[in-house]
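Once you scroll down, you'll see the structures, which are given as structure tokens.
The following pair of complexes shares a single chain, chain A, combined with chain B in the former and chain C in the latter.
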Partner chain A sequence: MNLCEAEKTFILHGVEENFRVDGRERSQYRPMELETNVVAHAFGSSRLRLANTDVLVAVKIETDVPSVDQPDEGKIEFFVDCSANATPDFEGRGGEELATEIANSLTSAYRSTKAFNLSKLCILKGRKCWKLYVDILLLECGGNLYDAVSLAVKAALWNTDIPRVLAVNLDGNNVEMEVSDNIHECVKLDIVPAPVMVTISKIGEQCVVDPSAAEEQCATASMVVAVSQDRFTTVLQSGSGSLHPSTLRESLKLGLEIGSKLDQALIEVLKQKPAKKQIGFLM
Partner chain B sequence: MLQEIHIRLAETRDNTPLAINQRVPKIFTPGEIISEQQEFMRGHGTYEEDIYLKASVAGIKEQVNKLISIRPLKSRYNGEIGDVVVGRITEVQQKRWKVDTNSRLDSLLLLSSVNLPGGELRRRSAEDEHMMRQYLQEGDLISAEVQNVFSDGSLSLHTRSFKYGKLSQGVMLKVFPSLIKRSKTHFHDLPIGASVILGNNGFVWISPTMVNQEDNVGGFTQNLEEVVPRGTRETIGRLRNCILALAQSNVMLFDTSILYAYEESLKYNVAELLLPEAMVDVAILTQHKLNLSEYS
Partner chain C sequence: MPTDNKRIAGPEDSISYRLFKETSNESVLSKINNLKNNIRSDGRKTNEQRKIFLKCGVVSQAKGSAYFEVDNTKLIVSVYDPREIPKKTDYSLKGELFCIFKYAPFSCPNRRGHQQDAEEKQHSAIMKRALESAVCRHEFPNFQVDVYVLVLENDGSALSGAITAAGIALAQAGIPMYDTITSATLAIQGSTKLLDPTLEEEALCTIATHKSDTETGYDSHGIIVLAILSTHEQISEFYQLGNLNLDTLNESISILMNATKEIVPLVEKCLVDYVNKTFKANGQS
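Moving on, here comes the complex of A and B:
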């Protein structure tokens, strides 16, 4: 989708006026809809819809051998799949670049031990650990992918149940572990400090959050910050364009504010009772 | 002051159906048996299996004598001659533009079926062919009329009237083509200070009302300097959110329903209309008002 000059002008003037095309202010988010536990055969899953952006995340767990550098830590791996249903641009290998970009940004955002403590995933130091595979599927793209993906990932990890290990036996070189038979006896991860990402786009002279697909096209530059409990874990620039140092400082401040507010809103909704009925993504 | 961020759980969603106390036609689902007799003819959206006639799309039944067809509720746009459409230029080719009109295939706009600046009866020279990108380039939005439907279903458009042509500042929305009510005119200058073009193809264009139409000869001008005033902008934003709210609840779109929705939405501010509760509320009130005016 390419916008014409007149449409861009309309959006640009709206941002300057602090009244965007859909009536939002520059620092206002669109309402979101979240559902957890949508995939029955995953250890944890979530689906987030932000206007037209639709993301499905599933977490799978396997046992693995810890790496030599961090013998007392587990592993986490992100994989993004851009479905060609989302936009025709993703057809063939079209979405691959974006997918690696998002996956890399998540990896670097979750790397800090203050944001996500991997040592909880260790079963036996140097011998056995859990490995989390976080699979992200983009079902529809309506702008602001990074934010939606990071929120959905956090919700899916919150929903993840890790089997309780009762005993670990060392038999020569073999590590044997005994997992609780009761499928409801599980361990939850501490997800509260996990990072959320906020995209800040510079449109004209102003910075906006939560850009729609049309607004993303008008942006001269945009950056993504990952915020974990009032700390930045990652700052990266998406796309081309440059930011003035003073704009950068301003947008970092804005990102931090919005990020902690977003995090608060997410945790609040996650703490609500889990859904009794399934909605799924067909409705 | 930062605005609140709303995250809702999916199970709290309000799925109230709007058509209460109304006769709802039966909706056939793909594979459902329409008729067990063999005397009927197979129309669009149906297929024969064994001895039965079955639906191949989800939609409602339409019967003309012995011909049965199923009209899908959600589909791409199937053009008909005379339809008003809004489209986006995707490609500039030899003597023609390709236009995205939400159909299965891109539509054609021939250089010979547009009004070029300088009068209707002007000859088209080789020069005009070189200038094509200056009239319309990739990404530009146009309003046009369907001139012809080809055998493969692709459309040929024309803009040979002053009301058609390039669109200037405003906002475009996409809804399902089946939600646009067919009427005598699809161009509406609403009394609230905005114009709406309800394209039959499901593309809706909302723009500030033009005051001086006369100097807009040929429809190839875009005023990029003009700043839309705040009041008009709010009206456009409100209309946009109202139309999306109606479309979400599957209310037919025409000038009256849009105006009713606008009136009902005035108790919310524009950004609040993005909230699911407000959208459902506006749609219910609009439907109610439409029902009342129908029976009075």
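Moving on, here comes the complex of A and C:
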């Protein structure tokens, strides 16, 4: 999407008046739709629709050998796929740069043990651990990808069931595990402290959250902050552009405030969700 | 990326011998406690940077180049002239920067591969973002400037060093710029903030520790890299890792702003020296 100068000025004036093009205030989000447990073959999944942004996240679990320098920790890996369905720009390798940028930001946001404790994923120290593959599919891009992706990832991890390991035997160098065959007997991860990302864009003199695709084009600079329990796990800039230190401080404060609210709202919604839909006559 | 099969990649899954060294948990914890009590292993104060050595014009083939050294962190940046953006169909009004950040295979305690890994790619992206706002990109539409960074030895703060050095190299190459760009790193463990951390300090500051033996809550920890255009007071890149609260972050911004200001005269002197030398050489011939 390309905007002409007049359109940009229109958006800019709207932000200045605290009345954005879609009627929102500067610190207001667009409505969101969240579904969990949508992919049958995944251990946990979610789909988030934030106005025109559509993200599908699925978590797959495999066993792996822990890395040698972190023998008592499991692994988590993020992979972002920019589908060409979203915009024709993603065709071929076009979306690769954006995909690695989002995946890297998630990796750094989840890196602190306080935000996400990998030691829960260890099965046998130095021998076996769970590895979570978090696959993120961008189905439609309507701006504010970081926020949508981080919320969907948190919801998918919340939804993830890890099979219960009943016993682990060490037979020579072979690790044998016995996994519960009852599909309802699963372990849940502690996802409450997992980070939520908020993008703050500086448009004109003001900072706004949740920019739409058109507003992203008018932004002179954008910050992405990952907030976990009132603390920052990652701060980075998205796109080129620079900020004055006072704007930076201001946007960090705004990001923290909005991030905490967003996190609370998400956890509330996730807690409301029924643990499992019961379908069929046998259960 | 096509795999480079002419190079010997080394065994696929080798393990660093360092892991077998007798290091107990306690030694790591005592090191962290030392840091928390503001004691650094090289005797520096917490807000003291290591001495910086800068030189430009070190690669004769490149349009602009710079060598950066602080103690054991050594790196070379070279900048090549603008060239047309390859494989581009549409016309872009603004020129682009193309950054490659690479650790030499022998630069870190563990051997690095010849191809860029995820961390190096991320560093490249950070550099690109930091430098793009320093360069007048509208001056060379539809062209790209290549910036290559090679870290010869890594002893912490390599990324911020690379950004500072790249600023010098770009200036020497005659790429139009708005301002000099300088960058600094801050590592945080507990309430201690260490400016210009070494590799060991960086590693220690990525570990979350308990506040004290009795409490279960975690202390703050993290690493911040800040790049700034000093005369315009514009922060062109801010990158943070770890787990920090707002107050710590605000304090860190002030510390880093001061630290980057201290580097500016060095950068300016380096460039002035280079200009003087070139003039003298031209005058003689």
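The rule is simple: the second predicted complex is superposed on the first by the 274 of 283 C-alpha atoms of A that agree within 3 Å, B and C clash if a C-alpha of one lies under 4 Å from a C-alpha of the other, contacts with A are read in each partner's own complex, and residues count from 1 in each chain.
Note that a residue touches a chain if its C-beta (ideal position, glycine included) is under 8 Å from a C-beta of that chain, and two chains touch if they have at least 3 such contacts.
Owing to the predicted nature of the structure, the values given are computational and were not obtained by experimental measurement.
Chemist: Quick check on the chain A-based superposition: chain B and chain C, clash or fit?
Modeler: In the superposition, chain B and chain C stay clear of each other.
Chemist: Just to be sure I read the superposition right, which of the two partners does A:Leu243 touch: chain B = first, chain C = second, or both, or neither?
Modeler: second
Chemist: Between chain B (first) and chain C (second), which, if any, makes contact with A:Lys253: first, second, both or neither?
Modeler: A:Lys253: touches chain C, not chain B.
Chemist: Using centres of C-alpha atoms, tell me the angle at chain A that chain B and chain C span after the overlay, to the nearest 10°.
Modeler: After fitting both complexes on chain A, the angle is 110 degrees.
Chemist: Please indicate which partner A:Lys114 is in contact with in the superposed arrangement: first for chain B, second for chain C, both, or neither.
Modeler: A:Lys114 sits against chain C, while chain B stays out of touch.
Chemist: For A:Asp64, using the defined touch cut-off, is the partner it touches chain B, chain C, both, or neither? Pick first, second, both or neither.
Modeler: Once the two structures are laid over each other on A, A:Asp64 reaches no partner at all.
Chemist: Would you sort A:Glu77 into first (chain B), second (chain C), both or neither based on which partner it touches?
Modeler: Neither chain B nor chain C is touched by A:Glu77.
Chemist: Taking the superposition on A as described, I'd like to know which of chain B and chain C A:Glu101 touches: first, second, both or neither.
Modeler: second
Chemist: Determine, under the contact definition given at the top, whether A:Glu140 touches first (chain B), second (chain C), both, or neither.
Modeler: Neither: A:Glu140 stays clear of chain B and chain C.
Chemist: Classify the contacts of A:Gly23 with the two partner chains as first (chain B alone), second (chain C alone), both, or neither.
Modeler: first
Chemist: In this superposed model, does chain C or chain B come into contact with more residues of chain A?
Modeler: With both complexes superposed on chain A, more residues of chain A are touched by B.
Chemist: Look across chain B and chain C in the superposition and give the shortest C-alpha distance you find, in Å.
Modeler: Once the two complexes are overlaid, chain B and chain C approach no closer than 10 Å between C-alpha atoms.
Chemist: Mind listing the chain C positions that touch chain A in their complex?
Modeler: Result: residues 15-16, 19, 118, 121-122, 125-126, 128-129, 132-133, 206-208, 218, 220-222, 224, 229, 232-246, 249-250, 253, 257 of chain C touch chain A.
Chemist: In their complex, what parts of chain A are in touch with chain B?
Modeler: These residues of chain A touch chain B: 1-7, 9-10, 13-14, 17, 19-25, 27-35, 47, 51, 151, 257-258, 261-262, 265-266, 268-269, 272, 275-277, 279, 283.
Chemist: Under the stated contact criterion, what part of chain A meets chain C in this complex?
Modeler: It is residues 68-69, 97, 100-101, 104, 107-108, 111-115, 223, 228, 230-237, 239-245, 248-249, 252-253, 256 of chain A that touch chain C.
Chemist: Which positions of chain B touch chain A when the two form their complex?
Modeler: Residues of chain B touching chain A: 2-11, 13, 15, 88, 137-141, 167-172, 222-224, 227-228, 230, 233-234, 236-238, 240-241, 269-271, 273-276.
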